[in-house]
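Shared chain: subunit A. Partners: subunit B in the first complex, subunit C in the second.
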Partner chain A sequence: MRYLGFRLLQSIFLLLGVSLLSFIFVEAAPGNYFDEMRLNPRITNETVAQLRQDYGLNQTLPIRYVHWLSSVSRGELGFSFAYDSPVAPLLWSRARNTLLLTGSSIAMAWLVALPWGILSAAKRKAWIDHASSVIMAILLAAPDVLLALGLLLFAARTRLLPVGGLASLATKSGMWPEVRDVAVHLFGPVLILVLISLPTLVRHVRAAMIEAIDSPCVHAARAHGIPRSRILCRHALPLALNPLISLFALSLGSLLSASLLVEVVMSWPGLGPLLLDAILARDVYVIIGSVMIASLFLIGGMLLGDVLLFLVDPRIRTEGLA
Partner chain B sequence: MAPPPRETQPLLEVRGLCKTHVQGHWWQRRFETIALDHVDLALCAGKTLAVVGESGAGKTTLAMCLIGLEKPDAGQIIFDGANITELRRHSKMRTCPRIQLVFQDSAGALSPRMSVEEIIEEPLLIAGKDRASRWKSVSRALDQVGLPGSCRHRRPQELSGGQRQRVAIARALVPEPKLLILDEALAGLDLSIQGQITNLLFDLQSEQTLSFISITHDLNHAARFADEAVVLQRGRIIHRIDAAEIARTFPSVRRQGPSAFAAQRAAATGAGG
Partner chain C sequence: MKLNRTIMVLLLAAGALHIFALCAGFLAPYDFAQQNRDLLYVPPSRLHFNDPQGRWHLRPAICGLAELPNSPGTYAEDRSRCLPVRFLVRGSEYKFLGIFHCSRHLFGVDPPARMFLLGSDGYGRDVLSRLLYGGQLSLFCGSLATILSLSIGVLLGVSAGYYGGWFDAVVMRCAELFLALPWIYLLLAIRAFLPLHISAGRMFFLLFAVIGFVGWARPARLIRGVALSGKERGYLLAARGFGGSDLYLMKRHLLPQASSILVTQAGLLAPQYILAEVTLSFLGLGVGEPVPSWGNMLATLLQYDVLVSYWWMWAPGLLLIPVFLVYHALGNALQESADCRVYSQ
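After this line comes the complex of A and B, so read on.
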C-alpha cells in the first residue's frame, strides 16, 4: 500500500510537470486563436482585443496557468474558444469513441500476437517462423497511411465495409441493430490498428519466448521429460512475461494517442480529428486537455504495469517486502 | 548358449555413439565440431561411472544424448534392454523419467516462478498422480535429500546453493530413476557442501540401487566417487580406468563406501551433539 501511495503521489507531480511543460510549449508556438480574425476586415482590432481580454489571453502565463489549474479542480480542464464550452465534456464525448476503437484494437492485437509469437518461437527456424518473419517485415515496412488508404479503397470499391464514421444514419432502432452497426464501422479502423501494432508485438513476444526457451531452467525441464506444451505454457511463458507486461503497459498508455492518424484518415469521431482541428486553430486548452488525458493514460498504464509485475513475479514481490 | 545372468547385464550400454555439431547456414561456410566419436560405454546397476575430460571434450553432449535432448548421428544407446535411440517420442517420454539429469547450475536449472513443492511434484502431476500421493512423494523426496518441510513453499532464490542442489536432486529422484547423470553437479559448491551431497548420493545409491554417471573435471572427485572412469578427449575415449586402477592410483582419496561415510557422519553428529 505504501508503494502504491508513493507511486500515486509521484504520478500527481508528473502530471503537474506535464501540464506546465504543455503550457510553455503551446505559448512558445507562434500565433493564437484570434490571429485569423485580424485578417477579416469586418472585425475591428478593438473587437479582437476585447475577445482576448474576455478569454484571458492577455494575461501572463503564470496567471493563466493558475486559472487553468482552478478550472481543473472544477473538472472543466479549461475553455474551448472554438466550441465555446468547457473542454472536459468535449474531450470525454470524443475520448469514449477513441477508447472503444483503441481498446478493441489492443485486445485484438494481443490476442493475435501472443499465440503467433509463441508459435513462431516454438518453431524457430522452421518454415512457419520464416513465413511469419516475412509477413511481419512487410507489415512493418508498409506506411500506416498506405494501409488505411488501401482499406478505404477496398471499402469504397466492394461496399463490404462502411467508408468511415461511427454509425450509419439509417440504422434500425434497438440495441442489437445499433451494436451490430457500430461493430461493422469498427471493423476497418480496428483491422488497420491491429496490422500496425502486430509486427512490434509479435517480434517482442517471439524474442521474449526465445530467451525464455533458451534459459537453463527450461532446458532442465526438457531434460526431466516435461511435455513440450507444458514447457511452453508453464515454464517459458511465465519467464517471458516481464518484458511483455511492460509492453502491455505501454500499449495501455498509448490508448488515447495511438490511433490519431487512423481516426483522421478513417473519419472516426474520436480525439484525433478534434485534436487536429484544435492544433490548426490554436485552440490551446483543447490541445493541453488532450495532452493531459493522454499523459494520464500513459501514467495509469505504467502504474498498472508495475502492479501487474508485482503480482506476477515472485522475485519482485520478495524484493518489495524486504 | 545360455544367456548371461541378469546381474551381469549392464543397465546402460552405449555402442559406437557419434555426434557432430554443425554451425552455419547453407549460404555460409560451415563449421563441424566432432563432439562424440564412436564412444562405447557400459554401466551396471548400482555402479558409478565417472566421465572425465577437459572443456569441449564432449562430456555434456554425451549426457544430452543419453537424456534424449540431442539425437546422435550414429550408434546405439541401450538402456534397461531397450534401444532408446530408436524409440519414438511417445515411448521416449515413458523411458526418459528412468534417466534423470542434475545440472551444475542449480540456480538456473530451477524455475524462479515455481515453489520447491511445485518443482518437485511436476513429474508426478504429469503422470496423473492425485494430490495426496503427490504431497506424500514430495515429503519423502525432501526427507531423502535432508531438506526440512518448511522449504516446501519457498522459491529457489530463497535457498542457499547447497539447498538448491538438494532440491534439484529431489526433483530428479521423484520419478524413481534407475540412472542419475550428474553434470558437474558439485562444481561451484564449497567443500563441506560437496562432502554432504556426496554422502547423500552414496546413501541414495545404497538404498535404491541407483546408478550414477558423474561428469566432472575433477580427477580427485572421480576417484572418490566412481567405481570406474573414462577419460574423453575430442569426443573419443582415450583412457579407461577400472576400480582396481582407481584404488591403486588414488589410495588416499579412494571411495570409502556408504557405510564408512554413514559411520563418519554418525561419529561427527555424536561428537557435535
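After this line comes the complex of A and C, so read on.
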C-alpha cells in the first residue's frame, strides 16, 4: 500500500507542477483579455483599468497563484472573463462529455486491439498477419484530421449518422430514448478515435505477445500438450500483460490529444472546443482549467495503470510490501 | 554509419519531398495568393492531347473555361479556345530558394487560359500551387522542430545523465511534467500565450519553436539512459584518468553512443511534428490566410458545401498519407538497423 500512497503523492505534486507551469506561461504571455477592449472607443481607459483591478490582473504572479490555489480549494478553479462566472461549472459538463468520449473509445479500442494483436501474434508471418500489418501501416499514416473529416463526409452524404453534437434537438422523453440518442451520436467519434489509436495498440500487443510466446515457460506448456488457445489465453497473455498495462496510460494521453481534434471537427461539446474558444479569447483561467482537467485525466489513468500493475504483477506487490 | 538499400531509397524519397517543397516557386504555375474571382471552385483542368479536328498532339492543351449562364458555379470547356501547355514559361515573380529573384515556371499556359491541375479554391487560387507552397511550411516546420527538440534532448539528456545528482533530478522531473500532459493540450496551452496575429514568417519560427520545445522530454529521457550506462564504461573512466575534460568526454564518448537513438528518434518524431503543425493550422492557430499550410487548406473542408461538393480540396490530406508512409517506413528501417547493430556488437 505504501507504493500506491507514494504514487498518489507523486501525482499530486505533478498536478501542482502543471498548474505552476501554466501560470509561468501566462506571465510570459503578451496581452490579456482586456487588451481587445482598449481598441473599442466606447470603453474608456479607466474602465479597462478598473476591470483589470477587479479581476486581479495587476497583481504579481505569486499572489495570483495563491489566489488561484485558494479558489481551487473552494472548487471554483478561477474566474472566467468571457463567461463572467467561475470556471469549474463551465468545465464539469464539458469534462464529463470528454470523459464519456475517451472512456468509451479506450474501452472499444482495447476490446478490438487485444484479440487482433493476439491473433496476428499467433499467426505470425502468415498471410493474416501480413494483411493486418498493411492495414495498420495505412491507418497509422492516415492523419487524424483526414479520418475525422472522412467521417464527417460519410455522415453528411449518407445521413446514416448524425453530423455532430451530443444529442438531437428534438427532445424525447424517457431515459431509454435519450440514452439511445447519445449512443447514436457517440458512435461516429468513437469509431474515429478507435481507428486512430488502433495501429499503435495492435503493434504493441503483437510485439508483447510474440515475446511471451517465445518464452521458455510457454514452450514448456506446449510440450505438455496444452491446447493452443489455452496456451495463448492462460499462459502467454498474463506474461505479456505487464508492458500492456503501462501502454494503457500512454494510450490515454494520445487518445485525449486525438479526441480534442475529433471534438472540434464533430462539434462534440467537450473540453476541446471550450479550450479553443478560450485561446482565441485569451480567457486565461479557462485555458489553465482545461489543461488541468486534461492532465488530471491522464494522471488518473496512470494511477489506474499503477493499481492494475500492482494487482497483476506479484513482483511489484512484494516489492511494495517489503 | 552504414546505410542499407531500403534506408537509402526512403531517405531519397524524403529528401525529394523536401526538394519539391523548396522549389515550390519554380514547380508551381502560379503564386499561392493569385486570385481569379471569376473561376471559383473549378474542378481540375483536363489535359487535351487531341484537338477538335481529331488530330493528336504530343503537347497537351488546356481549354478556356466559361461559366454556364443559367447555373452559376458550374463551368464548361470552350474547345475552340485551347492553348498549349508550355514549359519554362514566364509568370509571376518569386524568390527561388528564398534568394534569387526569378520568374520562370516549370510549366504553365498562356493567359487567358488558366491551368488548375488540382482545381481551384474559393478565391479561384490554384490548389496545386498552394499545395507546393504549403509543403514548404508544413514539411520544414516538422523537420526543423525535430532538429530543435533533439538538440534540446541531447543537451539536457547527456548532461543530466553525465552529471547526475540534483541536476539530473530536476531535469527528469521536468520531463515527467511535460510527459504528464496530453501533447496537444500542452501545445495549445503554450500556443495560447503567444501572439495570435503575426506575419507568416514569424509564425513559421514560432510554430516550429513551440512544437520543438514541447517535444524535448522523450528524446531527453532516452539519451539520459544511454549517458547513464555509458559513463561507467571502462574506456570512459580510462579517458578521464588521462585527464579528459567533461566536455571532451561527453562529446567524444557519450554522444556517439546516443547517435543511433538520435537517428531513430528523428525518423519517428518528424511525422508527428508535421502532424502537429497541420493540426495547429487546422484549428486556426497556425499561419493565417493567404499563406497556405496543409492544415489551413484542410480547414476549408469544415464548410459544408466544400466538404460535400469539391473533392479536390481534399488534396493536402490525401498527400499526407504517402508522406507519412515514407516517414514511418524510414523510422522502422532505422530502428531495425539500429537493433541489428546492437545485437551484433
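Quick note on the criterion: the second predicted complex is superposed on the first by the 313 of 322 C-alpha atoms of A that agree within 3 Å, B and C clash if a C-alpha of one lies under 4 Å from a C-alpha of the other, contacts with A are read in each partner's own complex, and residues count from 1 in each chain.
The rule is short, and it goes like this: a residue touches a chain if its C-beta (ideal position, glycine included) is under 8 Å from a C-beta of that chain, and two chains touch if they have at least 3 such contacts.
It should be emphasised that the depicted structure is a prediction, and the values quoted were computed from it without experimental measurement.
After alignment on the shared subunit A, the placement of subunit B and subunit C results in a side-by-side fit free of clashes. After overlaying the two complexes on the shared chain, residue contacts for A:Leu146 are found with subunit C alone; subunit B is out of touch. When the two complexes are overlaid on their common chain A, residue A:Arg230 makes contact with subunit B while staying clear of subunit C. Judged by the touch definition given at the top, the superposed model places A:Ser257 against subunit C, while subunit B stays out of reach. Looking at the shared chain after the overlay, A:Leu275 reaches subunit C, while subunit B stays out of its contact range.
By the document's definition of touching, of the two partners only subunit C reaches A:Ile299; subunit B does not. By the touch criterion defined above, A:Pro238 reaches subunit B but does not reach subunit C. Contacts of A:Thr200 after superposition on the shared chain: neither subunit B nor subunit C is touched.
Annotation for subunit A, partner touching more residues between subunit B and subunit C: C.
When the two structures are aligned on the shared chain, A:Arg157 is found in touch with subunit C, with no touch to subunit B.
No C-alpha atom of subunit B lies closer than 13 Å to any C-alpha atom of subunit C in the overlay. Overlaid on A, the two complexes show subunit B and subunit C touching no common residue of subunit A.
Listing the residues of subunit A that touch subunit C in their complex gives 14, 17-18, 21-22, 25-26, 28-31, 137-138, 140-146, 149, 152-153, 156-157, 253-254, 256-258, 260-261, 264-265, 275-276, 278-280, 282, 287-288, 290-291, 294-295, 297-299, 302. The part of subunit B that touches subunit A in the complex is made up of residues 64, 67-69, 93, 96-97, 100-101, 103, 105, 108-113, 122-123, 126, 155, 157-158, 168, 171-172, 175. Subunit A makes touch with subunit B in their complex at residues 215-217, 219-227, 230, 235, 238-239, 313-315, 318.
The touching residues of subunit C, counted against subunit A in their complex, run 173, 176-177, 179-186, 188-196, 275, 278-279, 282-285, 295, 298, 301-302, 304, 307-308, 314, 317-318, 320-322, 324-325, 328-329.
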